[in-house]
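Working notes for the structure below.
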Amino acid sequence: MQDIFEVKAQVTTQEKVGPDCHLLQLAAPQIAASARPGQFVNVACSRQYQYDPLLRRPLSIYRVSPDTGIIELIYKVRGRGTELLAQKRAGEIVAVLGPLGKGFDIHEGTSRAILVAGGLGVASLMFLAQELAKVALGKGEEPYVHALIGGHSAEEIICVDDYSALGSPVKVHTWITRARLEQELEKVLEELSEQGVKTNTCSLYTCGPEGMLRRLAAWAQEHQMLCQVSLESHMSCGVGACQSCICKTSAGTGNTLEDTWKYSLVCRDGPVFNAEEVIWDE
Amino acid sequence: MNKQTAASATGTSVDLRVEMAGLVLKNPVMVSSGTFGYGEEYSRIYDINRLGAIVAKATTIRPKHGNPPPRVVEVVGGMLSCCGQQNVGLERFISEKLPFIRTLSVPFFANVAGEIVDDYVFIAEKLCAAGGIAALELNVSCPNLQQGGMAFGVDPAAVKEIVAAVKKISSLPVVCKLTPNVTDVVAIARAAEEAGADALSLINAPLGMAIDVETRRPKLGNVVGGLTGPAIKPLALRMVWQVAQSVSVPVIGIGGITTAEDALEFIIAGATAVQIGTANFFRPLAPLEIIAGMEDYLKKHGLDNIKELRGSLELPPARGGH
Amino acid sequence: MNKQTAASATGTSVDLRVEMAGLVLKNPVMVSSGTFGYGEEYSRIYDINRLGAIVAKATTIRPKHGNPPPRVVEVVGGMLSCCGQQNVGLERFISEKLPFIRTLSVPFFANVAGEIVDDYVFIAEKLCAAGGIAALELNVSCPNLQQGGMAFGVDPAAVKEIVAAVKKISSLPVVCKLTPNVTDVVAIARAAEEAGADALSLINAPLGMAIDVETRRPKLGNVVGGLTGPAIKPLALRMVWQVAQSVSVPVIGIGGITTAEDALEFIIAGATAVQIGTANFFRPLAPLEIIAGMEDYLKKHGLDNIKELRGSLELPPARGGH
Amino acid sequence: MQDIFEVKAQVTTQEKVGPDCHLLQLAAPQIAASARPGQFVNVACSRQYQYDPLLRRPLSIYRVSPDTGIIELIYKVRGRGTELLAQKRAGEIVAVLGPLGKGFDIHEGTSRAILVAGGLGVASLMFLAQELAKVALGKGEEPYVHALIGGHSAEEIICVDDYSALGSPVKVHTWITRARLEQELEKVLEELSEQGVKTNTCSLYTCGPEGMLRRLAAWAQEHQMLCQVSLESHMSCGVGACQSCICKTSAGTGNTLEDTWKYSLVCRDGPVFNAEEVIWDE
């Protein structure tokens, strides 16, 4: 099993990147060195021995730089925890535990990767896009990654420049509203079919609101794409000890409950799941 | 393997060892049931053999899905949770978890939960036979299906019955874990002691609730859940103090312990050891920090041995002014 | 005179009135016994006639010095206190406090404490005769000297006896205030209801403790004290929900209430009114903010009347996955 | 009874004035307009709806400026509350309740006032020194106020300049250690006797550690001086409602406990008491 590090990380940068959205850079060399795309960290937002809020907040690893030992997080200010986090200035210390969870699988055999991010979903897919861009270096001319980045409104679409900066292997599309996303996906399909790419050789990776994940999982199945979704759940420990962060998945083998389903732990068995394992709430 | 160490230097001059229920723990800092999995998770963060002891998640006869989500909600100074004893069940505990546990050099307690007295006996027998376990902690906060669903742990007679039944067949020391949801915790403690418990641990979680006013629904899938974390420390400390004075078996203090100071409060109140629960979630190195902090405290106060501190609470002189 | 007003504009379209024990409160926001003195103190900060009702500090037959210091210690999310019912005694309550109380236009509850049943009856009789009081709240958390010092409030029979005895002679509505330090709060609530209580209020403070590890002495002069503030809210809400389902008299929710959202949780759980306690200390305008916040909530949710919210908790469908 | 105001006060200045000691200036016009020397405010150190620490912290009013509506506090960083307070920056909001308590009595008939401050005791005596300096304007040439300011060490003696700036009516003495304080007091007595001033026409005002107050109370009694002491006690409400902040005082009239003593409330009956009322713990 991968080691997990509790790091008293110094803030190197805190900056606004969108409405209520912040980029936080932290010096956490052990995490930067070992994290994989789709993993997350559990961040203490209050100061040491300050108990309000008590629990840490799970945030995806946006990007890492193993050379400088920096990890980057992108987060939206929502409640007590993220409000305090947004007040941290360069030089202050933030305790972070990570890397946590099971990230995305990169299927070397895939001919195209489609990434769909809704809202803060961009935070969990950037690192993946980066790694996929590396994989793509050996591949053909066409963009290997189609990143479809969206949100409720134009201004909520964030981080587009970072994705674009990955260069030719990545093609960035943006969308607002569900209808627009479907159009964008259709366009990607057309492009792929023009290029003679079969959809069943593509992988779909997605992170965002549950409704979106669910529709995309169905869409991917329809097109026989491999599909991985990154889920969220209320957490406390982040390491698989407290069993707070459950989601329903198909039981698989070795299930002794003689049931068709089981509760998996988002923090340990996920947050990334193969879409076909997930049993969505009705 | 990465084995992080606590910040403070740990000298060698003070003795943190404690004896309990026939076991010797290298220090009084245990981790509590349900907050440390089966140890595997935290062994990815630090060397868990440095702990005094580890208590496993509750084991029931059959595997359990547990309660529907949401299972956790943050409250002021604590959290509410209702995992509903999701666990792999006795059989898989023995086949899948014990092999790892046997590789550890730290005493490992099983936590036993059941719905009828026979459940406790059945699990205890199998665990004694399986080997690899240092002691049994009986979780009597579970609903007593033979007596209309009120928890076993609120009824001295039921506690006595379970403890006596398990003691009869157990080759391992038996710790009885008490619930705080009672009028008179001392009466329950005495019942457990009389039935032969080798030690008592307390407290399990007080029952609480939270409501989402926007949806007018409970914030927990199970409606009510256990309140844990710093918020319950004063309650836990009071109960541990009351019980430690009233029984002669060792008492393990549990409830909101986060710092060395917290742990020392319980020991001064009479606890032989402590268990760290919710703090594992928000301060993953808390147990190591507490061990180091205890050593520092002993040195600073010129004490050689943690036992000198046990039950050393000095009460004020008879109160005037009434 | 300076009468500060809460931040939020208070429109006129929603109805916050509640009926309870034969009284009509203009809103469900009361302030709790022991946290608001006799009203004089807070009337220097804002117009206390805007409150739903005020409960006075406990009155005992004789004046009391109360407990030696320290009487208060801050803990995570709350405080421990042990004032030991320092009060001026019945006679001076009537001669010195009632004249001010009679000038108020807000219902004023007395809080009655005693050591034997006759104490309650004696005080109740005098207060009924004195005039100026709207209702009696019986504090049954006091030690029962006739029964070995355990609190009256932990024993359904004792609660029944006190409530019945006071009801027999009282011309005023009688509220029985329940302690949380019990196994089965519903049994106590039912006993009080059967004895004729016009309403129930809960919770009083759970007993807690804190130790100064440097001196190894209790942090409170009285060793143990009541835990109050946000830390106890989940416990209080659970008990209020359980009781509200089991009795038909009105229930007043108490425990850690600090915000309108907190108060609304209790009302959705079934409370008719709420009492604000410790929040008065750290947010002196909390009661006004809560009144304003309740109005805003009703408007936002298209409700005309706070009563529509009472007991509106929606439980999840029968639980799967067990 | 004096009105009490709950003010959401803006920080105008926060500055260090000694080891771990800070001066905080707050815009609280109603408090500035009505406060009297020796009164205090109850300060919320955590942000609104942040519950750690939960309770407010009592701090003396160091000085007020009714014209600008500013109140000043001097405080030492000790624990959770004052640590957070020290982080507040200009522009931030701090909730304060005040003015609270009963301040010092200014006896117009007094021929000299002796102020003895130990440590942070300077915080509660400055406002008094200021008011006494005003009283002194009508009086003779000699300094009317002798301010004896001390601490455990030279660097812990703070605020001396502010006292000195009050000009000729105030003579500032400093001391370290108890022995030195006694010497200083003797010197003041000599000076007074040279000026033909009887000690029983002087008033002694003091604030500092309890041991010091107690000794000074005895010393004042010996010299038949009027003596007022400012006490501290752990508080929660600050307004007389919770009965946390007790000290033993002589019972006075109207005591129905038929006892020689009673518990008074430091926050409402004090923090300033006439020394002869106080029953010191043995």
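Per-chain residue numbering starts at 1, and chain names A, B, C and D are given in the order in which the chains are listed.
The working rule: a contact is a pair of C-beta atoms (placed from the backbone, for glycine too) under 8 Å apart; a residue touches a chain by one contact, two chains touch by 3 or more.
Everything quoted here is computed from the prediction, not taken from an experiment.
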If a chain touches chain A and chain C alike, it appears here: B, D
For chain A paired with chain D, centre-to-centre distance based on mean C-alpha positions, whole Å: 57
Inter-centroid spacing, chain B versus chain A (mean Cα positions, whole Å): 36
Chain centre separation (chain B, chain C; CA means) in Å: 33
Distance from chain D to chain B - Cα centre to Cα centre, in angstrom: 48
Chain C: positions in contact with at least two other chains: 64-66, 76-78, 230, 321
Sequence positions of chain D contacting 2 or more other chains: 51-52, 263
Chain contact topology (line, ring, star, complete or other): complete
Chain B residues touching chain C - in the complex, by the definition given at the top: 64-68, 75-78, 80, 84, 150, 154, 181-184, 206-211, 213, 215-218, 221-224, 227, 230-235, 237-238, 241, 256, 261, 264-265, 268-269, 297, 309, 312-316, 319-322
Contacting residues of chain A [partner chain D, same complex]: 46, 50-52, 80
Chain A to chain B touching residues, read off their complex: 1-6, 30, 44, 49, 51-56, 95, 97, 233-247, 256-257, 259, 262-263, 268
Complex contacts: residues of chain A adjacent to chain C: 51-52, 263
Complex contact set, residues of chain C against chain D: 1-2, 4, 34-37, 40-42, 44-46, 57, 62-66, 69-74, 76-79, 81, 83, 86, 88-89, 91-92, 229-230, 258-259, 278, 280-285
